[in-house]
Structure formats: structure tokens, C-alpha cells
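First chain A sits with chain B, and in the next complex the same chain sits with chain C.
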Partner chain A sequence: MPAAFVPSMVMPVFQLIAFSGAFGAAVKFAGIKNAMDWYVPLNAVQGASFGAMGVSFGLINDMQTGFFDRLLMAPTKRWSLVVGPMAGALVRAALPIVLVFVVGFIGGMNVPGGPMAFVTIVIAAIGIALVAAAFALGLTFRMRNMGAATLTQFAVFFTIFLSTSQVPLAAMSGWLHAVARMNPMTNVLRLARQGLLGDVTWSGTWGGLVALGGMLVASTWFALSGLKSLEK
Partner chain B sequence: MTLALATRHTAWLTYRSVLGRLRQPAALTPSFVFPLFFAALGSASFSRIADRPDFQEIASSFLNYAVAGAVAQGVLFASTSAAGDLATDIEQGFFERLLASPVSRTSILLGRLGSAMVVAVVQVTVFMIIFMAFGARIESGPIGFIGLVGSGAFLSLAIGGLMSGMAIKSGSPEVVQGSFPLVFALMFLSSAFFPRQYMTGWYRTVADWNPLSHIVEGMQGFMNQPLAADMFWRAWLIPLGLAVVSIAFGLRSLSKRLAAL
Partner chain C sequence: MSTPPIVAEGLVRHFGSGDKVVKAVDGVDLTVNNGEIFGFLGPNGAGKSTTVRVLTTLLKPTAGRATVAGYDVATQADMVRRSIGVALQDAAIDPLMTGRELLALQSVLYGLPKARATSRGDELLERVGLIAAADRRVGTYSGGMRRRLDLALSLVHEPSVLFLDEPTTGLDPMSRLTLWEEVRRLNREGTTVLLTTQYLEEADQLADRVAIIDHGHIVRQGVPRDLKAAVGAPTLLIDVAETQASAAREVLVRFGDLRPTSEGTLGVGLREGASAVAAVIRALDDATIHVRHLELNEPSLDDVFAEATGHRLEGAEAPKQ
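Let's turn to the complex of A and B:
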């Protein structure tokens, strides 16, 4: 279904161009040389997560056609019904990441962190993609309709935008500063951005890894418990 | 058919469309939630920039700046959604039942556009109440408020006409919703979210040529400057001009669909 893939590839690229063009000055006032350095990691993470959420549509289709019932009757490990779609989500997440990198290079992004800069972006993007996929599966198992996909999109969208998505913490004020400080996505974005803003360091890395690990455990538990409730 | 009868048909179809909108709160919600969210996000993210002396010439605060963009965004969302309802009418056969009745053909389109305008007027009013509760000020006074509401209504006509034309042409709600990213792109490639003065390169050139930049800046004028004729020219006449073209496109699509029956 290419029609299902295209928006998840086009939107992060469009958003990268739009954010860099519209908010470029805001980011430069905050001391960042090129707006692409700030927005490439954001859009890689967001693009990967929205691509990964497509597993929800596939699952709903399987439920409606009865294929999922056949899977439940098959002698397979139950966890594979969660881990399998999550592995599929990795493939869906990879394409937007690559496209965002290409546009970033064309836009002149700086890479002072060297190859490790891309490793950290990919870890952050793939990690959030897995979290989004597991959360989408958990909701779909419970709701069993398209509303689950929409709700997952809202959840990921708001989690990303209520972090340092637009500007650094220091440039924020009021309620957003308080929310972004508490939001684990801020740590994930710090992990992703560090190699485009300077060197990759352990102090810029561990917070993001802890946040990813925590979210992944919680969302995978949510998906597995959703599958259990579906079987009941 | 007399003009008076066609006007009555339009009024009834507008009423029906508004009721249809109210019965689907889930469809209306994004056009209220997202613009308010983006305005709140923008004013918290960029408030430090608003303290710069060059920004103070544009707006007194980022919230005051963001109001116009939120109004435009909400109206664009709602108008597209209203056109989607028209496409649903075609897909589900209600459009053909209307054609079988002695209703004015033009009213079928104008009724939808009327409802888009009604929703836009309500939406802008609700937005203004919320923004003012959070500290926004209309520097041009009560006439500026009318200016903003009128601008939202005319913009809804312009976008509603275009999207309704597409709805009639395609008869598919998916096509209408699928064309929404174009509207979204139009928003981002304008000064709806950030001042043009700070943009550079090709992006600035596109924003300069984008009519939405000038409409939004007219609305921003109502919010941030003493009342001037220039604001009405930009915030009212540009969307009205676009509305003439888009309604002509809608009517042409309608007559082509009728001819094909």
C-alpha cells in the first residue's frame, strides 16, 4: 500500500523545510548556526514514529479480515504477535530517516560530531519508532478500530511538540519550559541533536538512553497487556 | 426560479450544513484544538524573541502575533472539513436526492459555503475570547474585532469555494482530505507562524508571493496597530477576490457534474 507510506515520508521532509524556513531565525537567535542542525533530528524522530504507527492500520486490517483470529489460533508465541509488527515498524521508520538526512545535507547541515552524530540520531529515531509502534499496538488491541491510530498520532504529536521541538529549553518561558523539562522526549532530542550541535558525549547520551529504555518497557508492556485483554 | 426562492434554499441548506457540523464534534475538534495549541506553543517558545525591539514594531507579544495565524489555521481546517461533508453527500447519494428535488442548483454549493462562513464567525469569536482571556489585546478596538471576524468569514469562503469545487469534481471525501496538505503547506509558507521579516532566501520569496501572508498580516494589523484602511484592504479584499475565483471554480465544477448526469 504505497498510499499508506507516502504521507509518512513526505510530511517529515516538508516539515523540515517548513520549520527551517519559518523558524530559522528563532533558532539562530538561540545560538544555533544552521536551522537544519536543529530540525533534522526532530524530523527524523517524528518521521520515524509516524511511519512506525502504520502497524496500527495493518493490525486493524488483519482484525477486520479475520486474519488476526487465525494468528491467535496458530501455535505461535503470543509475544511474537507484538514483536513481529514492531520489527516491521523498523522498516517503515527507516525510509523517512534516510530522506530527512538527504534533505539535511542539501540544506547544508553541519556534522561536528562526525559519524557518531548519525548513530545517535538513528538510535533516537528508531527507539521512538518502536515506542510509537508498541503504543499503537496496545491501543489497537484495546479499541479495535481506526480511532486507535488517530489517538496514537495525537499522543506522539503532543509528546514531541511539548518538548524542545522548536527551540532550546533556555529560550522557552512559562508553562512550556516546565513541561518540556519533565518530558522524556527532551532527553531523547538532546541525544539525537548532540552530534549536529557539537561532539557526541556520554553526558549528552545517557539521559536519552534512559528515557528511551523507560518508554520502550512501558509501551511494550502496554502492547502485551492489550493483547492479553483482547484474548479474554 | 426567483432570487428570493434561491436565497431561501441557500439559507435552509446552510442551516442543514451547520447542524451537520454540530452533530460531528469530532470533525470540528481539530479546527479548534490545533490552532489554539500551536498559538500556545508558539507564544511559549518564541516569547523571548518578542522582546526584541525589531519584533516590538510587529507585535507587542508573541501571543498577539500568533492570534492571526491561529484564526487563519482554524478557518482553513474548518472550511476543508465542510467541503469534505459535501463530498460525503455526493458519495452517499444525498446530492442526487437534492438534484431530484426542485432546489436551486447554485444553493447546493452556496449553502455549504454559508455554513463554512457561519462556523468561521463562531470560531473566530471563540478564539478571540480565549486569546483575550490569556492576555491578547486588539489594538484597533471593537472595529478591529469586526475586521478579524470578517476576514475569517471571507477566508472561509475562499478556501471553502476551492475545496468544494474539488469535492464536486471528485465526489470523494478522501480526495478533499488528501488535498489538505496543500492548504497546510500554504500556511507554513507564509507569515502565519513567524514574521516574514525574519525569513531569508527562497523561503522569504515564496512567503512574499503567498497571498495568505498578506491576509494574515492584515489580521495582525487589527491585533497590533491602530485602525487603518490598509488592514481591510489586505484582510478583507484579498480573500474576497480569491473567493470570487474559487466560487467560480466551484460553480463550474457543479455545472460540469450536472451536465454529465
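Let's turn to the complex of A and C:
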């Protein structure tokens, strides 16, 4: 349904343009040539995660209409009821990523890392989309109402914005610096941004992959245990 | 001797904890024999649907055990799911899909090969009289059509045990009769059916045996005819002015035990049977009690329910045909 897709496609593009305009001078101060180089990876990651969270709305509808009971009563493996929606979330995530790239090109983003720059952005965005979808499923299985979707948005929003989403770590101070440094999203954004700010290197990659792996394991466990809680 | 298709022993299902615990099912024992239609009768909130959700593996039992098709619902849930068909209270179907698409999806869920899924889908659409509407979105179906489609979906994998949770609630009389006929046909073909209902007539018409549940407990279980016979005397219902109700009760009690009735009506189980009606009317007349309405009812499942629980089954009457 268009209502499920359009906001998650429009918002990252809107934010990309707005952030680049509003905070462009701030990131240039940190040595970044074009604000697009800084914000395209952020908005690809954010857009993918918000798109993926849409699985929550579909699941709530299926639970409220009883359709999910039909799936629960089918002799399928329980994990498929988590993996299936997560796979669907990838489709929802792909559209905003493509749109953000298009706007980035129009805005003149630099790609010193070559094609690998896009590979790392896509890995980061898809990884965060899977994490967001699994987290959304876990919350929805437990809460069984629209509040789950709202809470997921809050959680993802804060995780992203309490990282290096807006300014580099070096430009932060106090508690914000401490939180951003510990936040695994900082590593994921480093993974995503490296190819637009310079070369793609292993040292810029592994931290993000470890962070994604950890978050994915934790959120998938959260979703599977939530599914089990439906029977309790 | 083979295991009965459905067995529950001391089945308990609670929700919540501590002071706020709700005992939805509180020690249910029942056995459904091979090839029978078993009616599970009770008012809203009695525990019918929760029992079905436990038996169909949607909920884990809090205590007790149950087997369906010979498999334990708690430890062999996957095998139970392969053996049963379920049509729950709210026909859980996506209104944006067509009947044919939903049957195809259900076939995928049950692992039917594609060629078999297509032929089985057509077979079931034909069977439930939906072949002409097969390619229409389900959102355009009437309530009766949706229930018939739901029934078809539950039969895709040819289950040996079928659970129907209030299959005719909200349906018009014609749709109810059509569904009843289909249930009878399935049963004749060998499918064991557990049917929950709040309609007395439905249980009476369809079920070989019934269990009556109230507040999570089974209060009566058996063949409808035997249960009604056990209640014994027919019930005489009279309607009198509220100011004369007390005097009327004194007269009625001379002819049998007073029975629970709906508000504003008095009921007595006539010890001497229908032949005592004339004597009751004379006695009421002698006491100058004005009777506004009088009705003699043979024992019904509602009388069985009333005798067992002390209250009538609210909203139990199915729509008149």
C-alpha cells in the first residue's frame, strides 16, 4: 500500500536536503568538502531502517485480523515467521537507499572510494534495516498494538542521533561524546561513510561489521523470544 | 483400540498472575471420539475459544495435558498442526486477496506441490460453492461466503480433525443451513469435528455429543437427548405482572421445582408433565393472578444449561429461520 511506503521514501530525501542545507557549513568546518558526502550514508541508513520498521504495521494488522493465527497454525518452522518479514523489510529498505543515492548524485557527492563506497553504504543500510525490522517484530509480538511501531521509531531514532550522525566524534564533547563513542551506530556510520570521505579500508570496515553482527544477533533473539511469548 | 482424536485431561489455562489471574479454562476433561461431531456449548467468555486455542497449539496450557490426533499439544505441536484444520471465530482472511489466491497461499503453508495445490483449490472452491467468486477479492464477499472460504482453507491439507470456532455467529439463516450441511457432509466422509457454539439449536442439530462449559468448567457432557431427558419435566413459563410475581411463585411451586428463567418470566418444571398445565392455570385463576403469556417447553439444552449453572444461556437463541 502506498501509505506504507511513501513516508519512508520521502523522509530520508527530505532530511538529506534539509540537513545538507542546514548543517553543511558545520561539517565543512570539520574538513568535509560537500555536505552530501556526510549525509548521504546517514540518510541511506536511516531511510532503510525506517522503511524496514514498516513490517511492524503489517504484523499488527495481521495479528488484529487474526491472519497471523493462520500462519501460527501452519506446520512451518517458527523462525520462518521472523525471517520472512525480515526479508520483506529488505524490499522496503531498498527503495529509500536508491532514492538517497539519486539525490546524492544530483547534489554532487564525491565518491573517492569508488564502487566499494556504495557496497559499504548498502551493507550498513541493509544491516541496520534488518536490525530495525527484527527489533520491531520483537516489540510487536510483545505489545500487540500500534505502540510497538511508535516505540521502535523512537528507539532507532535515538540510536542514530546519539551517534556521529550529525557531526564527527572529534567535534563532540561531554556526555554526548561518551555516548556516541560507545554507540555501535557510530561504527556502522563509519563503515558507511568511509568510501565517500576517502578510501575503503579494512580498519574502517571491521568495526562496523562487528557492530552490525552484534546488533543483528541480539535483535533476532529479541524477535524469536517475542514470537514464543505469544503462546504464553 | 486407537486413541480418540481429541483428549483433554485437567486442562488449565490462566491469563495474568497474582491477584489479577483470570482462570479462562479451569480443569477441562473431555474426549472426542473418532468420526463424531462434538459440540462445545457455552456463553461468551465461558472458555470455549480458549480451550480451542490450546487444542490448536496457539496457546500453551498452564496445567494439564491434551492430545490431538494422538499428539501432545504442548510437546508435539508441529505434528498436531499437520493433522488439524481450524476455522477460528473471526474468518482470518486478507480482504485484498482473492479466494483462489488465499487457497494457493494456504497450500504453500501446508507444503502442497503446486500442481496438487491448483487442483485441490478448485476442488474446494467447487465444494463450498465459491467457484464463480474465486477470482474476486475477498473484501467483496458476504459474511456467509467468507465463512465458507474459511472452511475451505481449513480443509486444504485434508485434516482428520476439524476445529470450528463459532462458525455461524453473525450469519443469516440460509448461510447457517448451508454451512451446517457442509459440516455434516465432512463428518459423513470421516472427519472428526469439534464445534464451539453459543447457539443451542446448532449444537442440538449438529452434535452427536455436547459439552457445556461455564466459567472455565465443563458442567455437563453427553448425548443431547440423554442430557435433556435427565432434566426430566417440561418447563412451563408464565409471564405475570411484577406485583403478582410473588403470589404466582407460591402457586407454581405446588406443581414442581422453580427453574431459572430470563428476567420477567417465571418457570416451573412440571412434575406431572404437560397434563398438569390445566391444573396450573386453574390454580393461578383461583389465586386471581392474571397470566399475560404462557408457554410450555419440552426440555432443551438451555434447560440442561440452566439446571447445571443456575442461569440461562444469554443470547443462545439462533436467529429464527
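Here is the rule we use: the second predicted complex is superposed on the first by the 232 of 232 C-alpha atoms of A that agree within 3 Å, B and C clash if a C-alpha of one lies under 4 Å from a C-alpha of the other, contacts with A are read in each partner's own complex, and residues count from 1 in each chain.
The criterion applied here is as follows: a contact is a pair of C-beta atoms (placed from the backbone, for glycine too) under 8 Å apart; a residue touches a chain by one contact, two chains touch by 3 or more.
Nothing here was measured: the structure is a model prediction, and the numbers come from that model.
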Partner chain in contact with A:115 - chain B first, chain C second, else both or neither: neither
First, second, both or neither for A:76, with chain B first and chain C second: second
Touched partner set for A:65, first chain B, second chain C, both or neither: second
Comparison of chain B and chain C by chain A residues contacted: B
Which superposed partner A:177 touches (first chain B, second chain C, both, neither): first
Which of chain B and chain C A:232 touches, first, second, both or neither: second
Partner chain in contact with A:18 - chain B first, chain C second, else both or neither: first
Contacting residues of chain A [partner chain B, same complex]: 7, 10-11, 14, 17-18, 20-26, 29, 158, 161-162, 166-167, 171-177
Interface residues, chain B side, partner chain A - complex: 37, 40-42, 44-49, 52, 181, 185, 188-189, 193-194, 198-201, 203, 207
Chain C residues touching chain A - in the complex, by the definition given at the top: 56-60, 78, 81-82, 84, 86, 88-94, 106, 109-111, 153
List of chain A residues in touch with chain C within their complex: 65-76, 230-232
